[in-house]
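For reference, the structure I am asking about is given below.
Letters A, B, C, D, E and F mark the chains as written, and numbering starts fresh at 1 in each.
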Amino acid sequence: MEILMEFGSRFVSQLQSPTLAFLLGGILIAALGSRLTIPDAIYKFIVFMLLLKVGLKGGMAIGEADIGAMLLPAFFAVVVGCLTVIIGRYTLALLPGIRTEDGIATAGLFGAVSGSTLAAGTVVLESEGISYEPWAVALYPFMDIPALVLAIVLASVYLKKKDGTGDKVAIWPIVKESLQGPALSALLLGIALGLFTNPDRVFDTFYEPLFRGLLSVLMLIMGIEAYARLNELRRVAHWFAVYAAVAPLMNGLIAFGLGYIAHVLTGFSPGGVVLLAIIAGSSSDISGPPTLRAGIPTANPSSYIGSSTSIGTPVAIAIGIPLYIGLAQLVFGA
Amino acid sequence: MEILMEFGSRFVSQLQSPTLAFLLGGILIAALGSRLTIPDAIYKFIVFMLLLKVGLKGGMAIGEADIGAMLLPAFFAVVVGCLTVIIGRYTLALLPGIRTEDGIATAGLFGAVSGSTLAAGTVVLESEGISYEPWAVALYPFMDIPALVLAIVLASVYLKKKDGTGDKVAIWPIVKESLQGPALSALLLGIALGLFTNPDRVFDTFYEPLFRGLLSVLMLIMGIEAYARLNELRRVAHWFAVYAAVAPLMNGLIAFGLGYIAHVLTGFSPGGVVLLAIIAGSSSDISGPPTLRAGIPTANPSSYIGSSTSIGTPVAIAIGIPLYIGLAQLVFGA
Amino acid sequence: MEILMEFGSRFVSQLQSPTLAFLLGGILIAALGSRLTIPDAIYKFIVFMLLLKVGLKGGMAIGEADIGAMLLPAFFAVVVGCLTVIIGRYTLALLPGIRTEDGIATAGLFGAVSGSTLAAGTVVLESEGISYEPWAVALYPFMDIPALVLAIVLASVYLKKKDGTGDKVAIWPIVKESLQGPALSALLLGIALGLFTNPDRVFDTFYEPLFRGLLSVLMLIMGIEAYARLNELRRVAHWFAVYAAVAPLMNGLIAFGLGYIAHVLTGFSPGGVVLLAIIAGSSSDISGPPTLRAGIPTANPSSYIGSSTSIGTPVAIAIGIPLYIGLAQLVFGA
Amino acid sequence: MTQMATKLVIITEKVLLPKVTKIIQAAGATGYTVMDAGGVGSRNTPSPGRPIVSDTYSNIKIEVITASEDVARTIAKQVADKYFDNFSGIIHIGRVEVLYAHSL
Amino acid sequence: MTQMATKLVIITEKVLLPKVTKIIQAAGATGYTVMDAGGVGSRNTPSPGRPIVSDTYSNIKIEVITASEDVARTIAKQVADKYFDNFSGIIHIGRVEVLYAHSL
Amino acid sequence: MTQMATKLVIITEKVLLPKVTKIIQAAGATGYTVMDAGGVGSRNTPSPGRPIVSDTYSNIKIEVITASEDVARTIAKQVADKYFDNFSGIIHIGRVEVLYAHSL
């Protein structure tokens, strides 16, 4: 009971945190019809800056880390990526009025990872003084790529069964395309630069101090975007909205469970468990949609883009992040 | 006499202040034919950052403020917005070679408010160590919207009288359009975020430290722009140039006078009086022109855009701001 | 021997410096097929910020400087600009498979100056704690403009001799166009603002702290660009690649030699000598190519743009900068 | 489904975009395509609310493919009557053969 | 060298650009021109991977001038057959007179 | 005032824009419209002074509507003669019916 109340008060205080406040602010002004927009060039640059910074920080710390400890969490990241897609695919297939291709693509997007949500997660963890393994950010691709690949494979299998139109899926091109996308490229470049060079000074004077501010602008953009994409959602079956509200938390909790096992087995830190859950709870907003558009062309983009952007991401950030932190305090003790 | 000399020396020192220096630098390099441009995406983002910051700061302080004290200044802001439009409209109507619609639109633009000039004003006040009520920035819409609405109404009345073409003006759409414009949206969003959430950390690490620098870039853009728009001014009657040089100071002084009354009646601070004058002396550069273009389509945009951008804004910043500060020192004592 | 080893270790440490690391990182991710791009608006704004900052810093210090000391280095800058073009023109003419116009244009571009390399040079010098005359950055136009003008004149002379098509070259338009280009405009504006106004505060809070970080992003862009332009280089004679690898170092060493003479004669500082060499070793990436495209239209842009961007600039930064610093330590003592 | 159709082209000020597209849709066209454009004509109204020194264009070019020429002419007439007294713009039409379209 | 030619216009989603240009080049066209475009049609697929509130367009307009009308029709057919079941788009052709070109 | 007219289209490198518009105005055209464009042709000159990895196009497409076909052909000839030996570009013309214009 006390725990619930503490969770409630934490939740209200999160609503006032800049990360969430800017997200809600964006939704609000969009709903009020504001013509405020952030230029596309700024949006792209912010995403680049945030992921490069997250990568740099990870890379600078990985050098001193025990890489062996990364194996189990990385394996669990792959498992979560696949498991959440499979669960999503069959859950959505059961719901009425949903075309199977649309369901598979949506499950794929919710299984994949959002760089913006990851960035937001690291800020909240740091604000709360919760430490995590610096290499934990590198779990992103281990979850993201399997989820997208699996979704495309599942769609192809389904289409082949249905009417023989599904082509055999070449997996490597999808992996390559994911790694070459702007979000993962920036993250991996940051990790490499952090690992092999000495970016401390430029990190301390530029990437680190601008991080929170740029994130606040990105959250604003994502809020505006969430509202604007509601139109997409209105065109598709209501069950997508329900799935979009539930899946982020379900996926996050699955990852929390596996992270807990890694904690017990190999000492994966509580902060790392929370970050794994945050990553799992996020749904891809940058690289996932185009990959799915190309990989499952028969799926209606309105279904997965609408679900993820309008509901999935706000839920993942506004409810998911405080939820996993609260849970961690419950499970691992204050 | 001594006062005049002090004003003169203050003025010369203002010329060297970054705010003004970048404005003049922009005019200079444009006059020298430089092809230097700041991309539109950067311009839009800077305007957003400045107004959000001004709003955040205001909002964070309004919480502790006595809102009752805001009533009279807000009322005076509305009065100034209307009065300056009416004076401008009838002054311009008396001048030779000026079409009445063009005169009304120009008076409307000079009655409205420039977010950039407001931002510049707050920087100069802070540099001079002059404090003002933090909510004073929120006077912006109270002056801006009535001025634009009134100008459009006056034009419609005039056109109906002249040839029966003026439609009945629906006021609410104009108000809504103003509030939804990018400048006012950013300001109001900032106020709301400052008031209801805890943006201190992101404010201190991002919005505040970048403010002066971004303003310097914006001043450069406005200088380049001022020169480039001179062409517009050359196409229209010379009296527009004369009005554009005088109106900012006249409007600012009217506001100074009303602000002084508020000072006497309700203790409105000297800094607040100066800021009210700066707001009044500014002419809208972002949201005003499109609103007028749509609201008074028969008016020639060359007349009001040329006057405001090429002469009005430089005068408002370069002469107006130091003028009101000097006056305040005269009136309220050092 | 020891010296060679010290140079070697310095070189390896340079490879880990952010400036170089981001350049190499850009080449790497482009080679790996990454779709990461930095928007054009950001690229333009970064170039503006860097050159304005370099100019501001120079201008703020020139005020206190002995301008007489600038004369000989400025003269030598002109000499280097012309000499490197002449040497390049006749070297390239001797090589097989190179059209003379293409050779002249390429020599012109390598004789001209890159603002980005200059910015990178100032960062490295500051990191190494090597001081230089603040006005040394103002040597840029003294070398850049003569090189471009001379290349265009040489091409015109050549074409007239060959088939009578070369027009008489009007020099002033080329000089004007160079000075009005975005890079030189920003530099000169910065110098003027630094010299005549008080930008200290905005410099200290904005331009200076953002400098290194923005430079790191620019280096990334230039790395991506270097790889992407390799295609151009593949279309033209291999000798361009050889010239592009050698010319930056040759040009830098020539400037180093003349700088050394200025050191002996007028006490030009070791840091100033290094900066002169860095400027000379750079090849223009912003204003040079369009000037040459217009001035020597018969030259194939693939030859000079490919050579300069893909090989010249990486060599100038990655090998040139540490080379001149090592040499300075050898020549002027630690 | 190849079919002869009318291609209507409207070049005008960007501020008019929402108003012109409303007319297009009300007239029953099945779609339209918009592009940014810069230009010089005989009016050359300055673009309100944006720096002219920015790198953006202040006109738009709107293309509408219609099966019926009447629809195209109606749209043109309405736009011109309503806005061309006060706004910059030019309108022309031509014939094209539509090879594929999701609706026309 | 003035010469009558076919002008093929394909308006479709930006994601298809690399695939469409591959078809164009395989069909033997000597070149093509691409422009950003926004638009409304009957499908209106949302653009993946980019904020719709950004200031960019999510369609492209591709123009291909071909000496042979057959080449143009082949390109149109291949693009439509392969993509128009699942992607937005419209294709039309017309005649133009090419006055100058480096190859056609 | 509907009137048959010639539509001249010049696609060339962006650096030539000021020079081409000077020719257009000298030839007496009443206006022109410019759009950003990317493209592939047979020359494919790299664009000077801008990163190719940036998201901008390096060509422009210029459209000129002229009442007289001669004016259009003169502009085309001058542009091609003066620049197409050394610069990328293609020029074509067609007929359109101008429905509304502020001057032609």
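As a working rule, a residue touches a chain if its C-beta (ideal position, glycine included) is under 8 Å from a C-beta of that chain, and two chains touch if they have at least 3 such contacts.
Chain by chain, the UniProt names read as follows: A, B, C = Sodium-dependent bicarbonate transport family permease; D, E, F = Nitrogen regulatory protein P-II.
Everything quoted here is computed from the prediction, not taken from an experiment.
The chains touching chain E as well as chain F are D. Seen as a C-alpha superposition, chain A sits on chain B after a turn of 120°, to the nearest 5.
Counting every residue number used by either copy at the chain D-chain F contact, under half are found in both chains.
Chain centres here are Cα means. That of chain B falls 35 Å from that of chain D.
Averaged C-alpha coordinates give centres for chain D and chain E that are 20 Å from one another.
Spacing of chain B relative to chain E, judged by their CA centroids, is 47 angstrom. Look at where the CA atoms of chain B average out and do the same for chain C: the two points lie 43 Å apart. Contacts with at least two other chains are made by residues 35-36, 55, 94 of chain E.
Shared interface positions of chain A, defined as residues touching 2 or more other chains, are 37-42, 210. Pairs of chains in mutual contact: A-B, A-C, A-E, B-C, B-D, C-F, D-E, D-F, E-F. Considering their complex, residues 30, 37-40, 43, 221, 224-225, 228-229, 232, 285-290, 292-294, 297-298, 300-302, 305-306 of chain C touch chain F. Interface of chain D with chain F (complex): residues 9, 11, 35-43, 57, 59, 61, 73, 76-77, 79-80, 84, 88-94.
Taken in their complex, chain E has these residues touching chain A: 15, 45-46, 48-56, 83, 85-87. Chain A meets chain B in the complex at residues 15-18, 21-22, 25, 28-29, 32-42, 127, 209-210, 212-214, 216, 220. Across the complex, chain F is touched by residues 5, 7, 21, 25, 30-36, 65, 94-103 of chain E.
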